[in-house]
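Quick heads-up: structures coming right below.
Below, chain A partners chain B and then partners chain C, in two separate complexes.
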Partner chain A sequence: MDTKNKFFNFLTLLMSLLPVFILVSIFAFVFYYSIPAIRYMGVRFFTTYLWYPGIESRPPIHINGVTAPYASSYGILLFLTGTLISSALAIVIALPLSFLSSMAVELYVPSGIKKFLISMIELFAGIPSVIYGLWGIIVLEPLLFHDIEPWMRDVLSTVPGFAGEIYSGAGILASGVILAFMIIPIIVSVMVNSFDTVPAEIKHGIVTLGATKWELGKYLITDYSRMSTYGGTLLGLGRALGETMAVLMVSGAVVNVLPSSFYSAINTMAAAVASLLDSAFFDATGMSISALSELSLVLMIISLSVNVLGRRIAGRSVLRGEEFD
Partner chain B sequence: MKNLTDAGEQDSGIRWKSSTLRNAKNSLAGIAGYLALLAMLAIMVSIFGYIIQGGATHITLKIITTNGNTTTGGILNAIIGTWLLVGTGLLFSVPPGVLGALYNVQSTSHGGIASVTRLFTDILTSVPSIVIGLFGYLILVIRLGMGFSLLAGGMALGIMMLPYVMRISEISMRNVPAEQVNNAYALGADTINVAYRIYLPQAGAGIISGILLAIGIAAGETAQLLYTAGWNNALPSGLLKSPVAYLTYVVWYGINQPSAYAHQLAFVSAFILIIMVTALIFISKFIGRKGA
Partner chain C sequence: MIHLENIMETRKLSVKAGQKTILDNIDINIYRHRVNTIVGPSGGGKSTFLKCLNRLVDLDSNYHVSGDIFLEGKNIREYSEIELRRRVGMVFQRPNPFPMSVYDNVAFGLRLQGKVKQHEMDSMVKDSLREAGLFDEVNDNLNRPASTLSGGQQQRLCIARALILKPSVLMLDEPTSSLDPVAKGRIEELMIQLRERYTVILVTHDITQARKVSDHTSMLFNGKIIASGEGVDFLESSSSDAMKAFLGDATV
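Let's turn to the complex of A and B:
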């Protein structure tokens, strides 16, 4: 083999390693930048929800060998809670809708429009997140504020979390609903795929035994292909955890106020990084940026673990509704 | 329908109920399924309806042909900026993506590295976009001194586009018959020949479909760009240290401004974005299906 080919082979190898290099660099640098915050805040980073950039007019303080603005505090409890609640809510909304719609698409709907419906569901994954945010602001928030949330409060007033003040439509519910539509295509994709890959003999066998469509669908999704269902749900969750712009636009993006009910405004880890970074530029000690790096690091570890686990369990990966085996 | 008896019951573990109840449940599930689909269709129509209506009623020639600052003027700088950023992203994602896919597809037999890179490539797509943005800010903008710029923003987008290009290219290259590749090698073809004469022509449609999907996704991204591309009221003056405007910023920033005109600009930008992105995704799907 001549040099040109050797070089070409080497180049392809190098390029195939590029994603590894990028991912490792992201981890390494984000970790490196988090070190001052880790030393400054320690465990309090996770146990306090106070995010306060400190008092600029006072001289900075020195703790554990690092410098931070006077009285500054960087706690992510609120953001962590917001991310977990909004993602959990998204799953609660998305899972039944995905289950019902993939079953309808596979078993009930005339085969002529099956392709159209699947494309429609996939399209939810392709809509840019700022568009979801815009729609959330102009359609969903007023609807939640004026109609749905007051109604929920009347009906569910005795259920904890559903009583309380309604300040605006932005908050946990709006975030959960928007996130749900972003992850439905991922879950549906896995469910539809698991339908399609079940051997025909098994499907025919079940039908021959007298099962109804509903029993067939329920059995396949919750039993025969349940690992795919779990995996798909985790892949969806992984997407919800890291979503930034849509949530930033409809969550209310609060700081330092813990939610008191499902109508409260929240903030998530991803949205917090996006909204707090520009003010962090002005922190001369660099501690705010370090704290946001640590926040990103924690977010990345959570969301990547969920994704890897989902990929492992589902046996494939689904990116924005696109199937990758 | 007669109920099954003993043996079947034991084996399947399904407790059969009276058939009327089962049929009622079946119909109910069907109705619920249709309702779920209908609800999703309604929301899809609502999203497209509001954006298209809002955009179509406010779009003027002046808005799309003049520069602006998200609250006054137009969005020409944002339209061109989006394409400049996506174009720069392509430079950093297509060559490595296609070359990497060539390696991965040919090394399936001896596994090892390819399975690791495949895993990392998938993981890279699930890195939250704002984390890529923060990384871009810390490393590209500050440490490497690029400033808010086309290069920094384009590279941040490229990081996000690379996995899509690489994985979809690899999947379409995998459809090339192995015998053909083996025959070519047996006839004395080298890797470059096999890449140019066999993989690229045969997997071309699939690769292009992957690239179009990556463009569609990148054009709609925001979080990577907030702190890498910045914002510019005009066009960037060069690759480095000159910020770039982009459409998603106008949507995000404009709708949060207390000015009717800013909302108008946000709607027009969202309108252009949604048309562009959906068109790209559908063309990508169409080409991909034709290629397969």
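Let's turn to the complex of A and C:
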């Protein structure tokens, strides 16, 4: 019996350490594979947007003790820009919509419908991203291409970034909209939870001073629970930064062309890893794989940092709610 | 003979939550510039009664309210919820300062009303703090967080926050139940002072407190008013078993 207990204790300890082990080993693996690219590209990895696998017919070159295809270049500036712009756009679209959704769910619908709506919102978060991408290609891209983008160009032509050629509907706007739809459930979920943690005394105190529902909601979300709002937004941002498939399908997946307007095609770090991996295996020097590993490493550091920060901030505000309870 | 003038009255006020009756045909008068006290054991419907008077009860869809409530002779349904709640202020059992400064707490309701000039707001905030008997204790730094005040000070801050809207009626729902005896005494003195300018409705299960401050008392028991009259002493002469049990418990 004692041996069984010891074994069980050992097993649970092992299982509890498993997530840490997996995370550390993935990080170590990605870092290890990145080393040749770090030595080959140095800081230029971040400062150039040229991603070129080199000329196979010429002998490989040797720089800083590593071998790379002739004339090859691995710069992530385009992917970094694409990731940041599409994620920022997603936040700009998602934040006001999430705010309005949370207000509606919390203050304007009966409690029975509220539960139904929250479960629907949670279901949204579970839809596979490829389905968002498919919807983006079939519905969103034609809508952007034929209607919305020409209208925006006409109306906003004097605003920087809104003039210029319209190519296909795939690009920054499509990526931003798709990502926004994907992160709205995350932000709404955090906002609704933070709303629920506000003590009834505080809500009643505000209402008895003659606040309207709108004023109550606005104060709770943007002021009382603002740290939760920040946290939820960062969690959404974390998801947007790392999203791969849906963005790959609607971004246009370009390389070597920096965007000139909001209608331009783009590429993101996650989408680039997915789309360039196949061809990278043909690089006999292994440098393309190493460069994609370094790209993954950068993406991982950014995503993890944003997620950790979001969780800490969202968690802190919940504690603050309890303090006043 | 004192002339008593109604400021509020309820007629056949009943509240149900599902099948459970919380208030049953309450007819009660609230007299102007008096401390109108509702006493009774916990769970008797006292807080629900107060929440009916400013329609806070409407926030919970489980409650069904019937009957009429009048403020200044006009049915409260004829006021907007916002206007009603500004005219019938409320302070809760536990102090509920908002996580902001003393000044911002008091100014909160005023800011909701729209633009008020800064110097007017300063003056109104200070006046309200004076009325709540808190000004001298916080005047050195109105920007300190409200959470740094003692429990009694926080409760007087909540009273100041309600008073800045110049309500006709101020409802206090067991306002001293979480306070120490000294802080409790301060609030009781304050209630007596406030009745000169406001109508006070006090809900309490503390008969000793009612004896100190109440001008007119109603006993609410199991959702029904079982006695009502001037002062508190009339309760002692009641032959009701419920009353005797309550007074017996309350004086222990």
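Definition applied: the second predicted complex is superposed on the first by the 314 of 325 C-alpha atoms of A that agree within 3 Å, B and C clash if a C-alpha of one lies under 4 Å from a C-alpha of the other, contacts with A are read in each partner's own complex, and residues count from 1 in each chain.
Criterion: a contact is a pair of C-beta atoms (placed from the backbone, for glycine too) under 8 Å apart; a residue touches a chain by one contact, two chains touch by 3 or more.
Predicted model, so just to flag it, every value in this text is computed and none were measured.
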Just to be sure I read the superposition right, which of the two partners does A:Tyr224 touch: chain B = first, chain C = second, or both, or neither?
second
Let me test your reading of the model: by the given contact rule, A:Pro110 touches which partner, first (chain B), second (chain C), both or neither?
second
Touching A:Leu258, do we find chain B (first), chain C (second), both, or neither?
neither
Go through the superposed model and pick first if A:Ile55 touches only chain B, second if only chain C, both, or neither.
neither
With the two structures laid over each other on chain A, which partner does A:Val159 touch: chain B (first), chain C (second), both, or neither?
neither
For A:Pro199, using the defined touch cut-off, is the partner it touches chain B, chain C, both, or neither? Pick first, second, both or neither.
second
Just to be sure I read the superposition right, which of the two partners does A:Thr212 touch: chain B = first, chain C = second, or both, or neither?
both
On chain A, which partner's contacts cover more residues, chain B's or chain C's?
B
Which chain A residues are contacted by chain C in one complex and by chain B in the other?
209-212, 215, 320, 324
Chain A partner, complex, touching residues on chain B are 1-4, 8, 12, 14, 22-23, 25-26, 28-30, 32-37, 39-41, 43-44, 46-47, 50-51, 54, 95-97, 99-104, 113-114, 116-117, 119-135, 137-139, 159, 162-164, 166-168, 171, 190-192, 195, 213, 216-217, 219-223, 226-227, 248, 251-252, 255-256, 266-267, 270, 273-274, 277-278, 281, 285
In their complex, what parts of chain A are in touch with chain B?
1-2, 4-5, 8-9, 11-13, 15-20, 22-23, 25-26, 29-30, 33, 96-97, 100-101, 103-105, 107-109, 117, 119-121, 123-124, 126-135, 137-139, 181, 184, 209-215, 217-219, 238-239, 241-245, 248-249, 270-271, 273-274, 277-278, 289, 292-293, 296, 299-300, 303-304, 307-308, 311, 317, 319-320, 322, 324-325
Name, in rising order, each residue of chain A that touches chain C in their complex.
110-111, 199, 201-202, 204-212, 215, 224, 320, 324
Listed in rising order, chain C residues that touch chain A in their complex are 54, 56, 59, 61, 82-83, 85-86, 89-90, 92, 94, 96, 98-99, 108-109, 112-113, 147, 158, 161-162, 165
